[in-house]
Structures are given as C-alpha cells and as structure tokens.
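Got some structures for you, see below.
Common to both upcoming complexes is chain A, partnered first by chain B, then by chain C.
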Partner chain A sequence: MTEAAAPEGQPYDPRILVFSTNNISDPGIDLAGSSHMHYSPRVMVINLPCTSAVKPGWIVYAMEQGFDGVFIAADGEECAYLPDCAQRTSGIMQTAQDLLVEKGFEPQRVRMAAICSVCAEPFTKYMHEYATALSGLGPSRKATS
Partner chain B sequence: MSAPKKYDALVVGSGIGGMESALKLGDMGYKVLIVEKEPSVGGKMILLSKVFPTLDCASCISTPKMGATIHHPNIDVLTYAEVEGIRGDGDGGYHAKIKQKAKFVDEAACTGCRQCEMACNVAVPDEYNADMVSRRAAFIAFPQAVPKKAVISREGVSPCTYECPAGIKAHGYVARVRSGQYDQAFDLVLETTPLVGSLGRACYAPCEGECTRGELEGPLPIRRLKRFIADRRYGQAAGSASETNGGGAAAGTLEKPEQNGKKVAVVGSGPAGLTAAWQLARKGYGVKIFEAAPQAGGMLRLGIPAYRLPNDVIDDDIRNVTAIGVEIETDARVGDVAALKDDGFDAVLMATGTHKAVSLRVPGEALDGIQSALTFLADVKLGKTVDLAGKQVLVVGGGNVAIDAARTARRLGAAAVHQASLECCEDMPAHDFEVEEAKAEGITLHDGWGVNHFTGSGRVQSAELKVCSCVFNPEGKFAPEYDESKKQTVACDVVIIAAGMGADTEAFGLETNGNRTLKADPGTLQTSVPHVFAAGDVVTGPTMITTAVGQGRRAAFMIDRYLTGAALDIGAFDEHLPVADKSNVLARQDVYDRREPLESHAAMSASPTDFNETEATLTEDEAFLGAARCLDCGICSECHACVDACPADAIKLDMQPQEIEVDVDAVVLATGFRLFPADAKPEYGYGRFKNVITGMQMDRLLAPTRPFNAVVRPGDGKVPDRIGFIMCTGSRDAQVGNPLCSRICCMYSVKHNQLIMGALPLADVTVHYMDVRAVGKGYDEFYQQAKDMGSMFIKGRVAKITEKDDGDLVVRYEDIEGDGGIVEAEYDMVVLAVGVQPNTEAAKLFEDGALGLDEYFYVGEADEDLDPGRTNMPGVFVAGSASGVKDIPDSILHAGAAVAQAAAHIEKARVANGTVTPEAAKVEVTA
Partner chain C sequence: MSAKKIGVYICQCGGNIGDYVDVDEVVAAVAKEPGVGVAKTAMFTCSDATQSEIIADAQEQGLDGLVIASCSPKLHTYTFRDVARRAGMNPFQYTQVNVREQCSWTHTDDHEGATEKAVRLVRAGINRTRLTEPLEPIVVETTPKTLVVGGGIAGLRAALGLAEIGLAVFLVEKEPKLGGWVAGFGEMYPHGRNGAELIAKLEQKVRSHPGITVFTRAELIAKSGSFGNYEVTVAIQGEQLETISTVVGSIVIATGFDTYHPAEGELGYGLDGVITIADFKKLLDSTDGPLEYNGRPVNTVAYIYCVGSRQGEDVEGGNTYCSRYCCTAAVHAATMVADLPARVHQYHFYRDMRTYGKFELLYAEAMEKGSAFVKFPDDEPPAVEKDAKTGGITLTARDLLSEGEEVALTADLVVLVTGMVPRENEGLTKTLKLPVGQSGFYNEIHPKLRPVETVVDGAFICGACQAPRTSSESVASGLAAVTQSAAILKRGFAELDPLVATVDTDACTWCGACETTCPYDAIARESHDGKEIAVISRTSCKGCGGCVPVCPSDAIDLQGYTDAQIKSMIDGMLEVVCA
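== the complex of A and B ==
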C-alpha cells in the first residue's frame, strides 16, 4: 500500500488513515460504502476491537509512512468492552499530539470523533471536512515531497 | 459425544429482551448461553429506523448492546441455532437440545469482508429488509450484524443436481452461465468429469426431468447449456491453440497435478474409465488406460453416431484427460488382470463396458447380411466404408441403440429403413423424442412386432414378423408372448440387430454375476480381488453415460481411499444435503411470470444424407435466457463462486449441522413476537397491491440502512406525495381472531409520520385510526407533535382499498367525525400499521402442554399483576414481548424483572443442592 503522496499534476489530496471499531464505527463506515456515499478513495480504514488499543506511536508511524492525517472513529460511551474507552482514547490522543509535535508534525494531524453503527453520513462529512483541513496544512512529509 | 456443557442459564432469543436478560445475568456473574435462530443477534430492534418517543436511532443504540452481548466474558452466543427441546432433568434443572444449523462458513476464518456476497449469483428476498429487495444466498444479514460473519442459505440440494447420477452440479453451472461465467461453468463440470462436450450432446438429461420449472412452462435446457459451455471453451481453445500440442481443446489450460508415486491401471476408456482416470490423475496418481478398440472413448466412440456426438468432441474431451498426464494405450486388450499388478500398478479399475451383442435366437440369424448394431455403429463411426445405397434395411429392436442404427442406416443411403420393436411405440425403451426424430427421418416403425424367422439362400432376403402381444411377464421379466396368427413379411437386404448387449468378462478371471457382469460391491465397487475395482456398465449392465460417469467417480474415490489406507466408507462419497422440496420452491412466490422454454433446434430432414449434427449449439442469448429461468431450488447453487472468491478459504460447503446439549439451572424465554401477516386482511390488498406496505416495511424505508436510500413506493419507485396509514390492522379485530390492542402501532405510526415529514417535507400524511393510544411518558406529546407537524388524523375504520391503473390506491371509509357518509380518499402509498401476534414457537420447546400459555397464546405468567416474568414451570422465566406485547423500554424492564427471579432461582438451586453456599456461589464479575 505504498503510493505517491500526491498524484503528479493533480491537486493535493490528503491520505487519511482511520482506526475504527469492529462493532460500532466500522459497520457505520461500511454502510457508507454499501450506500454508495462518496468519500475520498485515499481514506484507508483499519478496524480494531476498541480504539483504546491505539498506540500513540502508530500515529507518528502513519505520518512517516506517508499518511497526512489519522482519524480515530471512536465508540463514544457505548463500547462493548470498556465503559471509559472514549476517555482512554482521548488520553491517547493527547499523548499522540505531543509526540507529533516532538517529531515536527502539526498536532491537527490526528483527530477523533464518535461514529455510531449507522453514522454513514456523518462519517463522510467528517472525511470531507478533515480532508479540507489537512489540505490547508499540506502534505505531512514536507521535506521529502 | 462429550458430556453436556453446564450453564447457569439459557436465554432463548436475542432480541432486546433476550440480550438484556443475558447481559444482566452475565453481569451478576452467571454463566449464560444465549441461542439465536438468525445469523446475527439483535432481533427486530436492530432493523427499526428510530425508537419512539425520543427518535433515537435504533441501530445506534442496539449495536452496543449486541457487541456487549457477544463479547461478554460470561455469555456464550450461538447464532443461526435453534433450541429443539427443553426437558426437566428431574433435579430442578433443565436439559436443552440445540441444533446449530450449518453456516457453511468457517466462522473463525471469516473476516466479514463480503467478497462471497459479491461473488454469489443467487438472489433471494431479503428478510432483513422486509422482503423489499433481494439479498444473496451467501450473505451477511445487515451491515451492523454481530457477529459480522457470512452465512450461506441452503435449502437442500437442487433437484437437478440431486438427480444427476454422475454427481454434476447442474444448478451450479446453470447459475454460472446466467452470470456469463462460461469458463467457470466448464470448470465446475470438470470437477466431476472430463466429458463436458460428450454429455452436453448425448446425455439423456435426467436433471431436466426433475427441473422444478418443468412444473411451470417446461424445464431448463440444462443439457444444452452444458453443450454451450463446452463448445465455447473448445472453440476458443481451437482458435488460440497453436502452442498446445494436438491443437484445440481446453487441455492447454489444465495444470498437471503433482505425482504421488502410485500407479493405477484403468481397463476401458469409456465414460466410467475416463472419468475415473481423470479423478485419479487429479489426485496425483499415475494412470494408464488400456483400450481394446483402435480409438479411445468406449461407447461414446463406438456406439453413438456422429450426428449425435461427433468424433472431434470426443477427442476434445479425451484431451482433457491426457493433458493432466493420463496415458492411453489403444488396441490393448487386457487378458490377465492379475498380471497388471506385476507391471507395477497398485490398483486396477475394470471399466470395460458391455460390448457383446445379444443374439435374437431365431431361425436364419446366421444368414449373410445380418449383423449386430454394435458392429455396424462402430464400423461407421470409425470410418470404415459401409455402403447401404439402395438397400432395404431392417433394424430389430426398440431401444436407443436400435434407433441410432436405423438413423445411421438412413444416412448411408438405404432405400428404406424398417424398424421392428416388440414394444408398442409408447412403451419402447428408446426416448420418445428419439422415436419422433426417427419417424421424421423417414423410418418405418413396426411397433409391437417380433421376428419369427429370416429367410434367404446364403444371404438374407426377407424377415417374417409376428405380433408381440406382451413383452414382460407379470414379474417384470423379459418373456415375450406372440400372437402367431398375425404375421407379415418384410423384404430386406440388410438386417441390423439391436437386441441388447452384455458384458464380455470371461478373459479376466474375476468373479461374475449370472449375466456375466463383474461382481463388485455396489457401494465400494471393489471386486473379490481387493486391489481390483470395477465400474460402469460392466458392473451395472447397460445404462446411461451419466450413470457410468458416476460409477467412475465412485470407483476413483474408493481406489484413492484404498491406496491411502483409509476405510472404504460408502457414506463418505458424495455426502450431501437432502433434496430441496419442489412444492416449497414453488410456494416461495405467489405468481410466476411465464418464461417460454427454448425450442428444440433439431433440424430434421426426411431423408438425411450426412452425419452433421442435427442440433445446433445455443447462442449466447439463448443460453442466458435459458439459464435465467432457473428457480434456484436449493437456494445455494453450489457453483463455488464464493469458494473461489473467499480470501480466507472459509467456505465449507460440506459443513453439517451439529447437535449441542447443555444442562442449565434456569431458562429465560425471550422468543419475542410476530407481526400480523397483512395478507390475512384481503380487503386491504397487501400482497396484491404493490404500494400497500406494512409498518415494518415503512420502518425499513426510513432506517439508516434503508434499501433504496430514499422513501419511495415499491410499485414503481415513485416518491409518494400522499401517504395513508391504516391503524389497527390485525389488532382489536375479532374477525382475525385478535381482540388485543397491539400497543406499539399507534406510536410507531406517529414516529413514521414525523420521519416522513423529515424525509419528504412536501408529502401529505393521513392516519385512519380507531383511537390513538399514547400511554407512556412523553407519548401523548409525541402524538401532538405529529399533529402539529401536519399529520391528518381521521377517525373511522377503513372498509376497503382498491388499486387504480397507475398504482394509486383508493381508500374507502366512513367519516364518523366529520360530515358523515362513505368517503373515498386517494393515496400514492398506504401503510398498514400491522399488529402483534404471539410467537407460539415458545410452547414447542417443551413437551406437549408443559408450558402454560395465556388465552391469547402468549407465554403465560404465573400472575401478570403480581408475579410477572414467571411461568408455570419452576425455573423457566419469560422476558419481553414473548408474554405479551411491549415496547422497547418495557421489554427491557420486564427482562430485568425476569432475570432477577431467574438469579434467585439459580441461587436457591445451588443452596438446595448443598454443594455451594450462597457466598461461595458468587462468581467474580469481570469487565
């Protein structure tokens, strides 16, 4: 899955990595696809049981691998495993942002929102908004692009 | 079977009541088993659009519960499983038998990627979308399904596939043709036999006789579809085959399997021998075929005339076999079977067929000019010069071979061809269509006549025929009786006798039956010499090509088991589901469009002069139209498209259902309710008028996972401007036997009103009601809100709905609050607010009458007022709407009440048993 940061001669289109959860946010994202709603083909989704398992280092690694932003599609209050998973995930966000800054990336390159199992439309909206916001920042690997 | 697993509680049903019960018991620390008949937990709630009166999203709030249920450390979940029976264990507890239906998908391997669903080409009504759209046979119930794993719907083996003696997946290749996957269709037949082209022409197609579509306009052209895929594959290969040696055939695309070092000799290269060789070679055996005739193919080559089966098709089929490394030696008659072992063959298959002609045993049979049909047909097919120009030919016999001989003689220029058959036309062993075709080619049929004697000096000149009054004796044995008083003489220069054929097995030194067929176990096909197997006509006597193919497959399967040291288990061969019931298949739809069967293409000439095929191959359009008529009897067609598509190799079509037994202390019944079948009120036209839908269908149209992504009417996809609701459909209605109020319909309809006004701001919504019952916190406000948003509420029962030509609906009612009188209103779409019915399945879980039901057939509670949740059986509790209709919050409350009592019961049982003290019984609650 290695592709150029932006296709030659085309406007910059950010690559976004999404972490979703098996039971709540992933079905919602899946629904966006099966309902033929549009979002950028440069969005890639990895699903996990619970977003509290995301390691801050992964987000920095994603930047180094050429992603321009990471979006965490969290479960809100309704995680099947942990009642405080949203809280834990926001703690991970904080650490990740610090880590990003330390490595020379903008803290806005990681974002989090609750996505429910049928939040297909909200998800596509988030993707459009986030892509617009990231476009303002430009590619994450400025030195190499 | 291992000892039954022990749980504290069994919860039957995983709707909101069942999930809530399981979660609460699990949180208390009890080990719970929850059994759900659908592939996903969630019940009806997950399918709803929103909940009233808060308008929360139903899926958003039920998915967390579903996820929690499935992941709870104290809860085990069985989906796609049904409780078959629960009985007391005599000790206060219960013993439950559960049937885990086969999912045909390895749940551990499945990742829920839906590749199988996208590859599957069988469409069935989607019950999770209230049958408004279709889903695939391989499917994940809905995007929010938990567990998100695929299941394959199967209702048995389709009759065509079941009927095929060869075991070819007829339904499967029909389904592949329908999707334009001709190569895959061909490969699917190759799984069974290499003789795709030959069977596509010369098979008598028992599948077509069983085709369920035959009960409608006529069966599918299953055989001709096979010919179509074979002709296409062979034709394509011929066009681009410069590098494959031998040219032509699909052979170039076949891979040689890795050799396993063992060798098998196959004696005879007919359908049985070739199929067995093919199957064995694919498993890695070194196979050599010994053929006595100068060319391979057995009866295909020697017995079936070229106008039915041309030699180059047989060559193409045989090239499949040789391409994977099978060696064929022709002109090699095997005498000593035992000696083959010394030549290094680990096993031998005898598939020599029946090539010995049976004589008539009448005077004059030795005269010149009289020959057997087998010799005659073989000579012609192998290209020897046989000149019948101007000759008078008499063919004796009424079977397929006799017809073949007669029609061949006609093509060789015979002046006249007579055929004498003992049986009368309709009883002749030859197929009716063959007799018809023979007649069309100018053959004079003398049916019901037998030969008395032949006359001639040295050479036959005539035959005297006598009337045959009866062919078989009452026991069904061949014992012809003649009426000697009626005779006729037929002049003839050539007589061809097709009086049957037998096996020629003397030279082999193997045990034989009375009719000289080889003695072999019918299940394992092993002869009395352990390493020698026998298959095909040499065992069964003369049969059909497909039967011989099936025998060849069976023999190869058994030889493989023999050589690998496995038990020759008859049951292990072709283990499949029972056949799909045709009446069930036809009952799936109320109406079937008429789809004309393909006409026969046989081009008949009154005096044929060449051996060109009489039947043409299907065009691509014809093949599609022919295949598209398939009714998908077994639902899954076994086409293996999902098997090819699955990246995790998770599809297991041979999976069997499993019986699971558990012991439990308490049972919670959360079997839920059923919706009133709206077609039971025919005056509303549900099922006949496409734009009359039920409340559940409206919910699906409005749900976030809605099928059309818009609110449209099903008849023509129009966005409705005028929508009418009819309340109390099947509730408070003594006529349909339900005097009860269904409680939820008023509020769900009010919910629909508000959601419709959100989705279609310009639509007019009218509700025809008896009373609006809005009892509950915020319910009346919710109703008033709908009125304020513009919903019209009209009091009065609707008497009748009629449909207009454009699909609009006329609703007739009595206006009792307004000006009075009978009024008619027109709507684009009518929603029937269907009521609730009890799910009587709950009672069937116990032995007759053990579980008490109330007078309306809901699960009875010991005391509805003071003791809800408890049934008449100690230790059996009822949760949610199984005991009477409830909305979602009430179901959750009721489940809580039921499980509190269940927990008390479990504790009491533990203490009573004396094994545990209440304190020790507490289990650490994780999570």
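== the complex of A and C ==
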C-alpha cells in the first residue's frame, strides 16, 4: 500500500530521494547530521558505492511511487572507482530526464550536484533549495479526484 | 535463499537517537512487517549485552536476516556483520539503517518527523534484507609489505615497529633528511629529552634494519590495485628524477603538520621582537647564557596564547579547533627560560589553559618559577604596539582574573603561541583519495573505535597529519597503525566484500557495452550453453556498479544493491506510516 497523493494546490513538503555514495557523499550527509544541521525529514537517502550505478529506471520508479524529486549526491572528481564518474552520472541523469518527460513528469524532478565528504553545509543548502523548487512544481503525482 | 525471518533492532544510542525518535513507536510500526521475527529496542545495540541478546534471539527464533537501525554504516558495519556471523546468520544478510546521522541528529527540531522517517528507513532496510542472499567473502592473498609516507617521529617509529613485526617497509620522506619537526627540537616536554638526539637514535635503528628501505626526497605519486595489494609508484629526486614501483599490502600515512603562520600585523607579528612559539623554541634551544634576541638582552617576555587557534566562525578560512599542544609548549618554554642564569620576567596572556593530564605539573612549575598569568576575554585579544621611546613592545589587555582590570606592560620579546595547521598535501590526498575533515586534517573512520583507519581500506593515518598532537601521542598512533597493518598482513590473506557485479546469464545477449565501460578489465566475453555472454571476474570487479545502468538488457545487478532491492527500499520509504 502506498500513500495517497497530496491534493493539488495545497502547500506541501516534497519527498526527496537522495542517492549518495558510501565513501564520499554519504559521509558528507552524515556530517550534516553530526553537526545538527536541519533539513526536512521527508528527505531520505539510499547509499551506493558510486552514483554511476544508479539506473535511470529507479528515478522514474521513485517518482511513480510517490517521491517528488530525486537528488543525486555525486562524487565529482573524488570518486575512488571511476575517474569519469561525474560524466557518467550526468549521462544517467539525462536519460532519466528523458524517461521522466516521456511519463509526464517534469525533468526538474531529478537533480545532481557534487557533494564531498565534508560538504555538510552545501548538502543542507541543496536540500532547502531543492525542496523550494519542487514545492513550486507541486506534487509529482497529481490528485486524480 | 532469501532471508525469511528477520531480527530488527532499533538503537537508542543513549539519548542520541532515543531523545528525538520514539523508538517504541518505530518497533510497533515495523513489528508486523512480513518476515520480521523479532523487533526490539536497545539502549546501545553495539554493547556486548545487546550483541549477546541478538545472538540468543537468532538461535531461539531461527533468524536468518538482521536489521540494525542505529548509527552511520561507517561505524559499526563490521561489528554487526560479526554479530550476524556469530549468530549463525550470513553477514551479508544484515542491513544497517542510519537513523542517527541521517535521522535523529539532523531532525532534532522535529521529533514527529524524525520518528516517521525512522519507520520509513527501517522498512526500507527490512525490504532490502528480505531480498538478500547469503554471500561469501572474496579471499585475496596480501603482500607482507607496508609503505610508510613521512619520516618524522611517527613515521620512523611506525617503520621500525612494522619491520620488527616482520613486515618489509618502504619509508618515503619528501625532505632530504629524516626526522621531521622533532629533529629540530632541543629539550622536549614532558621528560626533558632532546628531540634531535631521540631522532638520531631512531634513525640509526631504522637505517640499520634490513627490513626497511628508506627513500628521501621521495614522494608517492600513484596508487592502483586493491586492498592487500596496492601498486604504488614513488618519485625520487636525485641527480635526475627516478620513479620506482612496488606492491604493498598497506600504507601508513604520517605526513605531519605545519605551523600556523600569523598574518602581517596579527597581534603585532612583523614587528621586531614579535615571534612565534616555534621560533622562540629554536632561540631557547640555542641559548645557554642570558636570553638575547637580535643581540639585545631580553628581560621581559610576554606570551599570547591561542594565536591562529579557536578562531571564530567569522574569520575567513579560520581554524576553529584547539591545537592542544601549544599551552603546554608555552609553559614548558617558560620553565626553560626560568632555568636560564639571568632572571627574566614572564607574562602569559591566555584565553583558557589546556595543559591537560600530567602537563598540569608543568603549568604549576611555570607558576612556581615566577610566571604571571593574565586571562583575556575571548573577543578582546591584547593590543600589541611598538613603544617608540624604549624600543620595547607594549601589551594592553583586560584581565578577567582581576575583575577585568586593564593590564599594560612593556616586553622585550613577544611570543605568539601558534598552533598546528594541516600540511599542504594536495597531491598525496588526491593520489590516496584520503578523506579530509572539517579542520583540514586527515579523517579517521571513528575517533574511538577505529582511530587510525580511513575509508580507504588498508590506508592508515597517524601522527599530526590527523590532528594536532604531541610527539608521544604521535608515536602512540604510529604504533596503532603498525598493529592494524600487521593484523591484516600477518594473516597472509584478506577478505574482500563480495558486493560485486553479477550477470543474469539468461538475460544477457552480449552486446559488449559493459565490457567497454569497465575500466578494470573485469568483464570478458565467454561462451555459455551455446551463446555468447558477459562474465565478470569476482576479484577484478571493484563493485562500483558502473556497468549496471549501461546494460540494455537489464542483465547486470550489483550484489547488495540489486534492482529488486533498490526498488523495494523505495517502496518501504513510501508506505503509509500508521501511528
């Protein structure tokens, strides 16, 4: 059972799914927590070894299930696995955007930025900014009744 | 076989989680999830008592999956994998759910929101665990050699320790000489030992040990391979630049610190007669008669503490941390001055005195030997000016120990008690991909539980490259790095996570896209039941998953992060939370 979509036009706090990386961006997000920086509890993180492993289909799936946006916390040039990780991830994001548009979602529902292992403040700021931007778009699943 | 009966443990972490997340509500919400056999809270899931309880539950209930909702996976993944193993479960059928760093601590302002999020995260973890399969670690042979980067006191002592334990050591030092900062010190606290002499003895032992190869004017410039067998390349500056490569099992980083350099005009820095504690120490080490500076007798010394340390958030690029060693260095210098033949008046302008542990005795000794202490307010450092008439330097400050009275005096020499700053090491940081903390020093995984390990497997940090330290603390951490290296390398093999990419042989139609995308040559074409398919080498695969989204047939999964698992986690995060 998944949650009912929020009725259109009502103010809402968007749900954001973050894909982070075990060694670089996840420690940065951890640091935001250990520094008691605040962002919405509707932000949830799934960590992977490298964001080059994110399937564009997962982003569409997240939207269909009820997330309002996906944020890819990529490694930039710091990735221990793939030196062209940022390029790969932005390719994944573009494919995901095309898929989203095909399914009737706005392409802005996926966003990426490089988050380093001490990027606590930038991450927190991104979450606030992205939540504001997504609020402008409204919920991903519009109410049907 | 997928996990069928799962134990779920929600940690309170004292109050770190429990104060913000209603853990009982989380248990109530997830206890009836399909596949959950046991759901409980614990004050500290990492404690011995709870570990034993988990093992007992697993044996009584026949659990085959484990979910721990506590801190970041960086802290206790290995602890709980071990608990799972001891409980008769497969360690890879355990999921760590981060409800501290990524929930309670970041939502201290929203208890209800934090509780609801915790439920969602735990559900995602349960869903993931349900889809786990038992996996066995990949066993690789390790090379019984260690590369030590940095030949200061920590690196030298580590090199010697490693060699004595029977590991081959390559010691690489950037400078032409070994010994680092300590080689330049005379008498050092707390035992009055001479730094240069200590280093000379240590260097002699290192150089004469057959197991240690020393390279000076040498730098690590490349690292490849994986844990247990890193291929490292060292550039050596001789008559011409040479590079050599070797394979090592582990790397110990002991690159030390730099001293804080005050800006021109900062507390009078730049005036004749205003020097740093580092320069003052050199002056003292070369003084045996009356104290003189630039040929002038010094009758009064004033120390100003916390220069370049504990700076406010408003200072651009400031150092907010305390360097810990400098208070003791200053009172130690004062006791050395007091022991000189001619009497010198000494005044200490400090913010807080942190001569921790037995260094308190040095503080007491400095006072007994006549030093006077003035405590200035945090936001009002002393004013330092050149006195045109006398040629001395005047200091003015408010003294909090005498109800804020203004104190003014003229000194012949002002010593700025400067702290340690991280050394400029961008090349090495990039080569090893070492994590750097907020203050710019290298970061360990956990300050208490894994104090010399880094997120780079087999790369250990020690000494003052990690944080400001005294030389004895640096040596202690160097020896901790020795133990950690030996713990891996003396066994002869290492176990790597089996979280590698796998191919669904039915779905694969061999197009070659995955082979092209893998920089590690881990993927090859093979014949299988009469058709061409991709095969991934378990030992060459690094587990990045870069090939996963590239496959047009969706035939590749990364173990631990499979398509089904990620989607099940998304589902778990979005299920309705019933209070």
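Just a few scattered comments:
As a working rule, the second predicted complex is superposed on the first by the 131 of 145 C-alpha atoms of A that agree within 3 Å, B and C clash if a C-alpha of one lies under 4 Å from a C-alpha of the other, contacts with A are read in each partner's own complex, and residues count from 1 in each chain.
We adopt the following convention: contacts are C-beta pairs under 8 Å (C-beta built on N, C-alpha and C of every residue); 3 or more make two chains touch, one makes a residue touch a chain.
Because the structure is a prediction, the values reported are computed rather than measured.
Once the two complexes are overlaid on the shared chain, A:D30 sits against chain B and chain C alike. Set against each other, chain B and chain C touch different numbers of residues in chain A, with C touching more.
Residue contacts after overlaying the shared chain place A:K125 against neither chain B nor chain C. With both structures placed on the common chain, the touch criterion links A:R141 to neither chain B nor chain C.
By the touch criterion stated above, A:G66 is placed in contact with chain C alone, chain B being left untouched. Of the two partner chains placed by superposition, only chain C is touched by A:V54; chain B is not. In the superposition on chain A, contact of A:N22 is made with both chain B and chain C. The residues of chain A shared by its contacts with chain B and with chain C are 22-23, 27, 30-31, 34, 36, 49, 78, 80-81, 117-118, 120. The part of chain B that touches chain A in the complex is made up of residues 57, 59-61, 63-64, 66-68, 70-71, 143-146, 148, 703-705, 709, 927.
Of all residues in chain A, only 1-3, 15, 17, 22-23, 26-27, 29-34, 36-42, 44-50, 52-58, 61-62, 65-67, 78, 80-83, 85, 88, 92, 95, 117-118, 120 touch chain C in the complex they form.
Against chain B, in their complex, chain A makes its touches with residues 22-24, 27, 30-31, 34-36, 49, 75, 78-81, 116-120. Interface residues of chain C facing chain A in the complex, by the touch rule stated above, are 72-74, 98, 100-103, 105-110, 113-114, 116-117, 120-121, 124, 433, 435-438, 443, 455-456, 499, 519, 542-546, 548-549, 554, 558, 561, 563, 566-567, 569-571, 573-576.
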